[in-house]
Amino acid sequence: MAKIGFIKLGNLGMSQVIDLVQDEIAAREGISVRVFGTGPKMGKGEAAETEQLKEWDADFYVMISPNSSAPGPTAARELYKDVPCIVISDGPTKKDDRQALQDAGFGYIIMTVDPLIGAKTEFLDAVEMASFNSDAMKVLSTCGVVRMIQEELDAVAAQVDEGKSGKDLELPHILAKPEKCIERAGFNNPYAKAKALAALHMADKVAQINFPACFMMKEIEQVALTTATGHEMMRAAAQLAVDAREIEKANDSVFRQPHSKKGVQMTKTALYEKPQ
Amino acid sequence: MAKIGFIKLGNLGMSQVIDLVQDEIAAREGISVRVFGTGPKMGKGEAAETEQLKEWDADFYVMISPNSSAPGPTAARELYKDVPCIVISDGPTKKDDRQALQDAGFGYIIMTVDPLIGAKTEFLDAVEMASFNSDAMKVLSTCGVVRMIQEELDAVAAQVDEGKSGKDLELPHILAKPEKCIERAGFNNPYAKAKALAALHMADKVAQINFPACFMMKEIEQVALTTATGHEMMRAAAQLAVDAREIEKANDSVFRQPHSKKGVQMTKTALYEKPQ
Amino acid sequence: MAKIGFIKLGNLGMSQVIDLVQDEIAAREGISVRVFGTGPKMGKGEAAETEQLKEWDADFYVMISPNSSAPGPTAARELYKDVPCIVISDGPTKKDDRQALQDAGFGYIIMTVDPLIGAKTEFLDAVEMASFNSDAMKVLSTCGVVRMIQEELDAVAAQVDEGKSGKDLELPHILAKPEKCIERAGFNNPYAKAKALAALHMADKVAQINFPACFMMKEIEQVALTTATGHEMMRAAAQLAVDAREIEKANDSVFRQPHSKKGVQMTKTALYEKPQ
Amino acid sequence: MAKIGFIKLGNLGMSQVIDLVQDEIAAREGISVRVFGTGPKMGKGEAAETEQLKEWDADFYVMISPNSSAPGPTAARELYKDVPCIVISDGPTKKDDRQALQDAGFGYIIMTVDPLIGAKTEFLDAVEMASFNSDAMKVLSTCGVVRMIQEELDAVAAQVDEGKSGKDLELPHILAKPEKCIERAGFNNPYAKAKALAALHMADKVAQINFPACFMMKEIEQVALTTATGHEMMRAAAQLAVDAREIEKANDSVFRQPHSKKGVQMTKTALYEKPQ
Amino acid sequence: MAKIGFIKLGNLGMSQVIDLVQDEIAAREGISVRVFGTGPKMGKGEAAETEQLKEWDADFYVMISPNSSAPGPTAARELYKDVPCIVISDGPTKKDDRQALQDAGFGYIIMTVDPLIGAKTEFLDAVEMASFNSDAMKVLSTCGVVRMIQEELDAVAAQVDEGKSGKDLELPHILAKPEKCIERAGFNNPYAKAKALAALHMADKVAQINFPACFMMKEIEQVALTTATGHEMMRAAAQLAVDAREIEKANDSVFRQPHSKKGVQMTKTALYEKPQ
Amino acid sequence: MAKIGFIKLGNLGMSQVIDLVQDEIAAREGISVRVFGTGPKMGKGEAAETEQLKEWDADFYVMISPNSSAPGPTAARELYKDVPCIVISDGPTKKDDRQALQDAGFGYIIMTVDPLIGAKTEFLDAVEMASFNSDAMKVLSTCGVVRMIQEELDAVAAQVDEGKSGKDLELPHILAKPEKCIERAGFNNPYAKAKALAALHMADKVAQINFPACFMMKEIEQVALTTATGHEMMRAAAQLAVDAREIEKANDSVFRQPHSKKGVQMTKTALYEKPQ
């Protein structure tokens, strides 16, 4: 029985499903999941309260937030530095910063492909926010990122099942760039793979477009046009991801990796094939 | 300052963003959000642990889960029956059952349009699950459901700001059928509205397709074909929702309702217009 | 030589091609077809005149109309109750009503998937009517319904060729729901099949949307929005049907069943294959 | 009260709905429609039997068939030469031949845009036939041809209502080329109109592609490729027609011309507008 | 070492890439290319100046222009009649005219599928012109025309490499109609081939639509609508060409024919296959 | 009368139409264009021969090539340093390098949005090359780059017409990044503009994807996947560009800027509007 605790500070695209990926039909035995989240905000105040989940005494924790170098996530890590904890974020991407995380005992998966939203009052409302997250999730799911998260968390859970705990758990240290993510997606058709890889690169690019809009631009037309551009690119990326999967469907070659009741990762490809 | 606690048992499409919709750019003052979730499972054991969030002493709670008549959610409600709590779920839909919820003091929003996933090992893995949730969110966001949730939660938060509390808070009691949701979407073009309404009806229909696959069918081909059919319909619904929004974009008539820093719901329509 | 008489009262999607499906290139020997139709109306007056075709003395008749329980079709059946006659309609769907038809000696194919049009002056003109019928036919043709009709009528014609006649002819008794129709479509790719099945379910749903608009709503906005919604769903269903067939084309696996000059049902799959 | 008799010999795209276009919701008073059809075949034998409808003594007749210069239709016209009769066909297109029709007292609408199907056993089965007719109808309906037929038949019916009959009825004499049809379509946006006009030109071209396949080619690969090409062009034309109408929907400028109960041609444009 | 001189008078779709097709990665040894062009105009003045390239003393020349029977191209040919020269144009198409070209010693490839642009001030500006050329190139590239040019020019270059020169060089004499072009495209899937062939037929048809607009119409609405129609058809043709190639990608069966450094035409089909 | 000489070394997307953009219908008086090109290659040998066009004594020259810092273009510039010459290329982008160009007397337009092709034998053949150039041209034309080139060249030609020459001509110095190009496109709808801007950003990104494939990767799978990814992104960008223009068409707000016979830049917006 692996107990896994998820701490969600603010929101990334992946935050939407990260606590679900190991038990997609809610029938897996031997796994227990709890989530503590702080909603949209991720300041120091929010960070302080995440300690609450530590009492649950999970076998390992997953802490997901945008920009894990920000004060809030940094403060939260301070609370979890003595237990096994995997940081999942869109940054830091620099090698030294990542090494520092690792040296502090944390695992990490830094996903440059989880796109920065156009977070400006001039553009974003709840509907646009949710719609953008839908597009992000289409790319994250279809193009290998969801599976990477699932496989990596399953790998740690498997260690727990083998009796390992605490410092003995080997945690992942991955810079999840497009080229790395795509290899997890299991595409059979190479053009489908190329489309999906293009989608990941576009998701990556969205941050470069939205960043100045979020943090530097002031003028309403410029802000609105730029964030709209970022969201249009995300929309186009989602469409490419759909196109990629449609190719696999047309070939009846969608790779699937469902969990058995016992938690075994089975696989299947043809739709009418039994998972094994 | 309104404190809002979200309890997530299992997963609905709406669960992905429900704690984010009142503060889409994470800059709203006077609102504080905490989330306690149990991951995919929603049994009695999970329900028992939700009590933890009660200690936070929120001004009101939002409890979201599939099928709120199931034992887990029912047990969880027992814990929250003496505080203001809004149940958000895809059932029960029958009038008497909803009245019973109301009589017990709960608010509710029952969304028949939050589609049942094809939860069978023969079809669903983490990738398919996340991809389906992306399609669900595209419909929920664009076709009025996200805005309904946002407006209703904002309305309760506003009462808190006015000094109301406990039993004095008026909670929503809504059966969110397609016809009701679409009125919240703010479409200006009537054909866009019709497309979005069709998408909601399709999301509604998905449950009718997936239900027998989830709970009655055994044979692999039948299970796989039926769940795939449900997911194809959801995909088509997401596409219709996209088409609807594209029409509004083409007319520069997308209705937006961002929150100001002070939490005021501003509105804007033309992209270069300032929200007011 | 089989003589087949078609009586068309009012219009269903299938009415457009039902007299053509057994002889698609107009070169089949040993079959003779006559049609008597009453245009859009299907009242008792129209029904009375259908008797005219009886003089032709066909080996069997096919009577197609919307709602075969309505007074007109009921009256028309009275005229044909003593000759072999197959009722093709979108209702009745209830078991007892269908049994009554069978007990009265009629064959039937009740197609819940032939969608009810949005027949309101506020929305429908000749162009919209014809365009909707185009969408309906795209689903009916590609998703198995046309082939079901063709195969069932061919089966009765084959009995005639074998010398059977009158009461000895075995007539079909089929409730043509989505799951039954799809099996006739001959899809090779399971996702194509799932898309087509979703299209049939959507065609089915259109009636539920258009019915209140046709018979209960009065207010112009509500009528216009609701019928437009029904037609948008039908449009989306047609697109899904197209997508399904495109997958088969991409795999060069379109199943075809042309008639030879002698009336034999040949089959072929690869485009450059000779039918046999 | 106008009585209108439709004689259908063989099948054109327009044959599918021609008897429905004057009474799209089946509620028009003062009009009575009867149809006599011969199914797919249109030989001399079939032609002879069409005389039956003459007994009904319609105010005027509409005789629709492919190639009205073929022996069957020619023979059928011989039977109807002494009553008001409008020939609707895809040929003859030459001026002299059309003048001869007119001189013989017939009205005519020759639609070069009603596309010749790829009628070869190597390609066409019932499903492909019906699917092609769906594509044809999408172009015919949306791009002005259905409305031309409706308006022209309504004009003759109006003369009947005014008391005219027999030779005094002015019948239409129209060569329905793309440029003429498009003017009936009522497009408001000029690019929508251009798309629809392109679709009509493509429908026109389909005949030039399918003709040699139908009547001259023998070799299986050549026949199959050529007919498939004709049908692909028709599919593309249908898509263009859809795109054109979507533009009008996006502008809420779809021109509609529904019949009132009294048979008046009302018009409306905005979806929520009342027809007048 | 083959020296190939290209003379471009005015612009055809193919003019954009004709000097590139034999050396797509600019790494081919043993080939040398020079281009002399006159921009948009192709009058006698421009023609006279083309003599300049003759000094380069190429092994053979390729002269590309619209309508090679026009005065400019005719005058230019006069200058090149004593050296090996291949005329590439969209006309003349008549057999006698082509024979005359051949009798005068010229090779030719007359591409009826290189579409006439809608060259009217009322419609065309630089953007529309370039956008149309993009659509033209999509069809020319994907549907076999580019490969035909490449193979034919390579064949002459190969003769040069074998030591032939002047009158001994065998030049191509091809009327490049849709049916001929498509055979060079290398499609594996027959429906992809049919789509591409339909696209070529549509490109062919564009000239018939744009010709009267370019040379006969005066009235602004008629000119604008007609040229817009021609360009919409070209757009639809480009889309069909894209669809055709997507099918081949989905099957990983895109036929490729890259040149080796030594100028050998290698081939490959699967994306991960090495060209050989 | 302005004489403009174009020197084309190797190929950029823009090379395809650059000599056509000032005279789109080939009817402009007072302008004379000559082109000298070297085909795909752009080495020092090719550069040397470009001197030939100098004899024509143009009023100004336009030298277009990929990477203008490469030895070939650098050598060619040496030949043209004493006459007015505008360098058009995709590099150099660095400020100092551009300043050096300017200091040497050259004008320049450096288009980061003209995408680097995937120039590897393992992927590129003539068909793929031409198809990619089609996609590039769709973005360049629709998203403002073609118009920027046209306006800038027209501005210099206008100076010639005013009597300026040689060093007195003011040449453009533009780093054509996405944000700059989009302002030339003339979009009226802000979402269309956002889509087109996203397309430009994607074209920009293509170079970053293809660069390592072109110059660093060796392994066949990696090369093929990476170049295919670059081309898929370009395809997606072209589609976005199409979508953007379709929005303007749907609003009948396509901005056009045709040249009058006298060379005046007229403008028009509604399709049926006369250019003025």
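In this document, chain identifiers A, B, C, D, E and F correspond to the written order of the chains, with residue numbering beginning at 1 in each.
One rule holds for everything that comes next: contacts are C-beta pairs under 8 Å (C-beta built on N, C-alpha and C of every residue); 3 or more make two chains touch, one makes a residue touch a chain.
Because the structure is a prediction, the values reported are computed rather than measured.
A.B. asks: Validating interface symmetry: for the copies subunit D and subunit E, is the fraction of residue numbers used by both over half? Same or different.
C.D. replies: The interface is built from the same residue numbers on each side, given that over half of them are used by both copies.
A.B. asks: Counting in whole Å, what is the centre-to-centre distance of subunit D and subunit F, each centre being its mean C-alpha position?
C.D. replies: 49
A.B. asks: I'd like to verify one number: the distance from the centre of subunit A to the centre of subunit D, where each centre is the average of its C-alpha atoms, in whole angstrom.
C.D. replies: Chain centres of subunit A and subunit D, defined by C-alpha means, are spaced 57 Å apart.
A.B. asks: Touching at least two other chains at once: which residues of subunit B meet that condition?
C.D. replies: 190-191, 224-225, 228, 250-251, 271-272
A.B. asks: Following the definition at the start, I'd like every touching pair of chains, please.
C.D. replies: Result for touching pairs of chains: A-B, A-C, A-E, A-F, B-C, B-D, B-F, C-D, C-E, D-E, D-F, E-F.
A.B. asks: In the complex formed with subunit D, which residues of subunit C make contact?
C.D. replies: The contact residues of subunit C facing subunit D are 4, 6, 8, 10-11, 16-17, 19-28, 32-42, 49, 52, 119-131, 133-135, 137-138, 140-142, 146-147, 150, 220-221, 224-225, 228, 235, 238, 242, 245, 256-261, 266, 268, 271-272, 274-275.
A.B. asks: Please give the residue numbers of subunit D that touch subunit E in the complex, ascending.
C.D. replies: 190-191, 193-195, 197-198, 201-202, 205, 209, 224-225, 228-233, 236, 239-240
A.B. asks: What residues of subunit F sit close enough to touch subunit D in their complex?
C.D. replies: Contacts found on subunit F: 249-252, 270-272.
A.B. asks: In their complex, what parts of subunit A are in touch with subunit E?
C.D. replies: Checking each residue of subunit A against subunit E gives 189-192, 247, 250-251.
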